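Consider the two complexes below, in which subunit A is the common component and subunit B and subunit C are the respective partners.
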Partner chain A sequence: MDVTVAEFIRRTVLKVPRSHIPALLQAWGFLPAARLQALDVRPLKEAIAEAVVQLCQENSASIKEAAVLDIVYNHTFQNKRVWTVYQMTKATGGETDIFDFTAFKRKFKRRIQSSLINVTINFKEFEDNAIWIRIAWGTSYTKPNQYKATYVVYHSQTPYAFISKSINRSNLPLLCQALIVASNYGDIREMELRSHCLDSLKDIVFKRYSQTFQTHHPKPLQERNVAPENVDPRLIQEDKSEKERIQRVNQEVFGDGPQPKLEFAQYKLETMFKSSPKMVNVSERESFRCLVKFSSPHLLEALKSLAPAGMADAPLSPLLTCIPHKARNYFKIKERKGVLAAGLVSP
Partner chain B sequence: MAEAAAGNPEEGVLSRLEKLEARARALALKQEEAEQQQRQEVARLRARIRQLRRRRDELKGKVSLQQAALGRREEATSSGAEPVPTARVQERALLQWKVETVEAMLRVFYLTGISGKLTERGVCFCLSTAYDGNYLDSYYLDIVITQPVRIHRHSVPIFIPLKRIAAKYLQTDVRCFLATLSAHLNAYVGRKYQADYLQKHFSAFLGGHWQKNSLYNMLAFNYDVTTESSTFPFRVKLLYGDLDRSLPTEASVSCKEDVPASLLEKAATHSSLFMNMALHKAFDTFRKAAETPDNTEGTVPHWAGQETFLTAGMGHLRFSKSQATWMREIGTSEHQAPGLCHGQLYLAPEH
Partner chain C sequence: MSVVRPFDKLPVLNSAAILLVGTDEDLQRQLAQTILKEKKDFKISIHLATSLPLPAERDHIRPRIDLIVFMINVQSKYGFKNIEASLAHVDANFFLGKVCFLVTGVGRVNHCSVDMSAVRKLGDVYCSPLIFCELELEGIRISTAQRLLRMLQICAGHVPGVSALFFSSLMRSSNDE
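Showing the complex of A and B:
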């Protein structure tokens, strides 16, 4: 077994929290189950990593297996990376094709390797039909750098790809081209949607997030663990109807279920400064540049709880609530043409 | 005079005393009598008070009873309790009946797979799916009725060619649009159901190398065929060319070349079976055949004929069928559903 491969496996195992090591190695599926059972995970992590490398040596692991281990690691700890959504479009509204994974892999590899020889490309398909692609980039003269790989997650027959943020931005055009060639699309563009939580990004673009739709038939009731409020009968809720209104409006906007997890939303204002006519000193023509960034461990849940907590009026501004619907969390707000009111301008 | 007074002093004093005594007695008697009378009067009045109180309580009870009955009637809008049914009550009963009928119709629409509700700006459609007698996911479409009609929001999976279907039908024929979309969705959940069911319940038969895609219109996997002597791996590849059907348009079963001729024949039978039967049912047949080796494997079970209906008809009533036809089929007479005779789509206004 190659020394670099052994070192790569060792370092990957070292990154994994001890409690996750057995599950991860099992998901990898390379080492025989009997040997994994015998693996002792009590000693120091260095010792475990050494034992795993030993096992890999016995099974003569190659860079291919090591790369798959890396994919499994990144799949398990996908929230460690920042994911950007890319949207692909077809020039003509062609028929939905029958996606063949083998053909996809072949086309993808061929497109990249025709431009760059020193790359390691690996694929792994997961249970939820997600295809994970790992590309370790090299240059014409240097070997691929296994430690700075780019990860792409693609679901067959969807026009979206999720690409991990990486330093190798120079290779991004090549990667995008390979993607559209392999998946039979015509064009690709970066969406203004980024998050650590890959699953939430998928929920947003695949329209799986909680939305409220009006229907006549009642939905099956959901169990809710609401503790019965210990209400003093002498207390009278003065704003009961208002609270109910807020509850209703909030539910219409955000739906019942949990919100997709985003960490930030950014609004870039490029609007004119508006003031009373007396303040003549301010130049009217000067645009008022400003950047507003909302950040939270769970932004949409935070926005959802603003109105019920009494910190904002319900309903919230559509600029804040349109995030999942518009599938973007980076906005540029410009002056509407001819109208003074600020409007949302799509690119 | 003095003598007369003095000569009859005793008589005068005594008689005076007597008179006084008699007067006092009479007075006492009178007083007693008056007291007696007063007592009687008080007792009488007390009794009257008791009586009146009782009467008051009775009346109060009656009033509250009546109010409660009135309240109940308002809730239930029933005219039964009223001895003389007024026009208002009758009207209310009629309205109640109408509401119940409409609600029942809405339930029926939900069961057909396509239902809708008017919103402020358009209609919100609910497309519920079913396969093989199981109700599966529901998908929603919020349509804004402007010129041109556009889809405001939806929860249709991204790989369903919604855009293409919308471009084809949405502006011209909403009914056709919904029927096509519903057929696509039902076929998709049907294909997914078959594949999931197979993986869950027939894992003993299956080898590895599963290949599928998001739309489940291509499925390839290995499965084992056992003969008396040994086990042979077969590989099947199913292509679903019609996206609105849950049966494949192309099924190829391949095996290694060095297998006996009987197995090659079997492979051919299998591929024709896959073409005509839901995947899990085909495997059910294999399993039954394996358990009773006398049976020839190609026997089509009695439900195979229904299968075509179930998959093509989406497992439940098809929308394109005329309303009157299936009203009759489900045992509802036409005049019971006045809102449904002419329109294909019944949209109850928002409350």
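Showing the complex of A and C:
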């Protein structure tokens, strides 16, 4: 077995939390189950990694197996990466074709390798019909860098692909090209929708978030503002009807179910500065630069609880509530639409 | 929708009503619970509202309000604007000693989004005392509750010889020095 492969496997195992190691190795499915059972996960992680590498050596693992291990790792800990959604469109006619995984793999590989020899490309299909593609990029003179790979998640029956953010921006056009060639689409564009939580992105673009029967967060979050039942007759809530109105409006806007998980929303103003005629020293054509960023561990839930918590007026600005419907969280606000940042209330 | 008036109803014997106005419901509720826990020798009713005016359909069952407490959280500009708007719906007679402002959240300076001078100005303009307190802390909440109860007793006329107007002018003279 190659030294670099052994080192790569060792480092990948070291990244995994100890309690997840057996499940991860099982999902990998490369090492025989009997040997996995015998693997002791109690000692130091270095020792476990050493033992795993030993096992791989016996089974003569190649870079292909190591790459699959890396895919399994990234599938398990997908929240560690930032995912960007890309939408593909058919040219015209749009004949429905049956998806052929082997043809897809072949076309994808051929397209990339025709421009770049030094790449490692690996595929793995998961139960939910997701195809994970891992591409380690090299240049014409250097070997592929296994530690800075790009990951693509593609669902065969949908026009969406999720690409992990990586430093190899220069290879992105090639990757996009390979994707549309392999999946028989005409064009691809970035959707301005990014998040750490891949499942939430899928919820948004596949429109499953507001349906009550299937979202990826199975347990509804505990309602924070459920007031303890007003037992004391000396306490009188004066504006019950207003509260009910807020609840109702909020429910209309956000729905019942838990919200998909996004971490940021960004609004960029590209409007002209309009001054009163008296202020002559300010140039009329100067653009008014302003960038509003919202960030939160769970942005949409946070927005949802703004009004009930008494921090904003009940129907929030449509700019904030349109995020899941429009499936984007990066916005540019232009002059003609006539929307102003003044309508935004910062959380 | 009507203006809250201090003298439009007859007082009920041995009872007093306090109105808490503010958008931060959690704090409001905690303070109300603390006030209820305090020992007192009169009947109290605590009315909670996020903003004024109060809904008119409950006017006939609402007792005479003796003291209005506006809860300002300096970390919420929205809440502050809401209180500024609510003040327009309070009868001028209330400002003769029956209104006070509780200012919370001053401790965490970098979270403040309301200018302190704006808060002070509010107190000046409406001739009403500002009480600074961190209601998250239990000890301060209890002492604030005791203080409000004492003020409520005065405002409801339970303390012989001290009227709300007299008490507020007493407070003001020490503030303005």
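We adopt the following convention: the second predicted complex is superposed on the first by the 301 of 347 C-alpha atoms of A that agree within 3 Å, B and C clash if a C-alpha of one lies under 4 Å from a C-alpha of the other, contacts with A are read in each partner's own complex, and residues count from 1 in each chain.
Everything that follows uses one rule, which is that contacts are C-beta pairs under 8 Å (C-beta built on N, C-alpha and C of every residue); 3 or more make two chains touch, one makes a residue touch a chain.
Just so it is clear, the structure is predicted and the values come from calculations on it, not from any experiment.
> According to the stated criteria, A:Arg208 is in contact with first (subunit B), second (subunit C), both, or neither; which is it?
first
> In the overlay, answer first, second, both or neither for which of subunit B and subunit C A:Thr158 touches.
In the superposed model, A:Thr158 contacts subunit B only, not subunit C.
> I'd like to know which partner A:Ile236 touches here: subunit B for first, subunit C for second, both or neither.
Second partner only.
> Just to be sure I read the superposition right, which of the two partners does A:Asp100 touch: subunit B = first, subunit C = second, or both, or neither?
Only subunit B; A:Asp100 stays clear of subunit C.
> Quick check on the superposed pair: does A:His325 touch subunit B, subunit C, both, or neither? Answer first, second, both or neither.
first
> Which chain makes contact with more of the residues of subunit A, subunit B or else subunit C?
Answer, by number of touched residues of subunit A: B.
> Touch test for A:Arg189: subunit B only (first), subunit C only (second), both, or neither?
Neither partner.
> Of the two partner chains, subunit B (first) and subunit C (second), which one does A:Arg110 touch, if any: first, second, both, or neither?
Neither partner.
> Thinking of the overlay built on chain A, is A:Gly310 touched by subunit B (first), by subunit C (second), by both, or by neither?
second
> Quick one: which bits of subunit A touch subunit B in the complex? Just the residue numbers, please.
Going by the criterion above, the answer is residues 93, 96, 98-102, 129, 155-160, 205-208, 211, 213-217, 325.
> If we count contacts the way the header does, which residues on subunit C are in touch with subunit A in the complex?
19, 22-26, 29, 32, 36, 43-51, 54-55, 58, 62, 76, 78-79
> Name, in rising order, each residue of subunit A that touches subunit C in their complex.
Interface residues on the subunit A side: 225, 227, 232, 234-239, 241-243, 309-313, 345.
> Considering only the defined contacts, which subunit B positions touch subunit A in the complex?
103, 106-107, 110, 115, 117, 119, 124, 126, 140, 142, 153-159, 161, 163-164, 167, 211-215, 217-218, 239, 243, 348, 350
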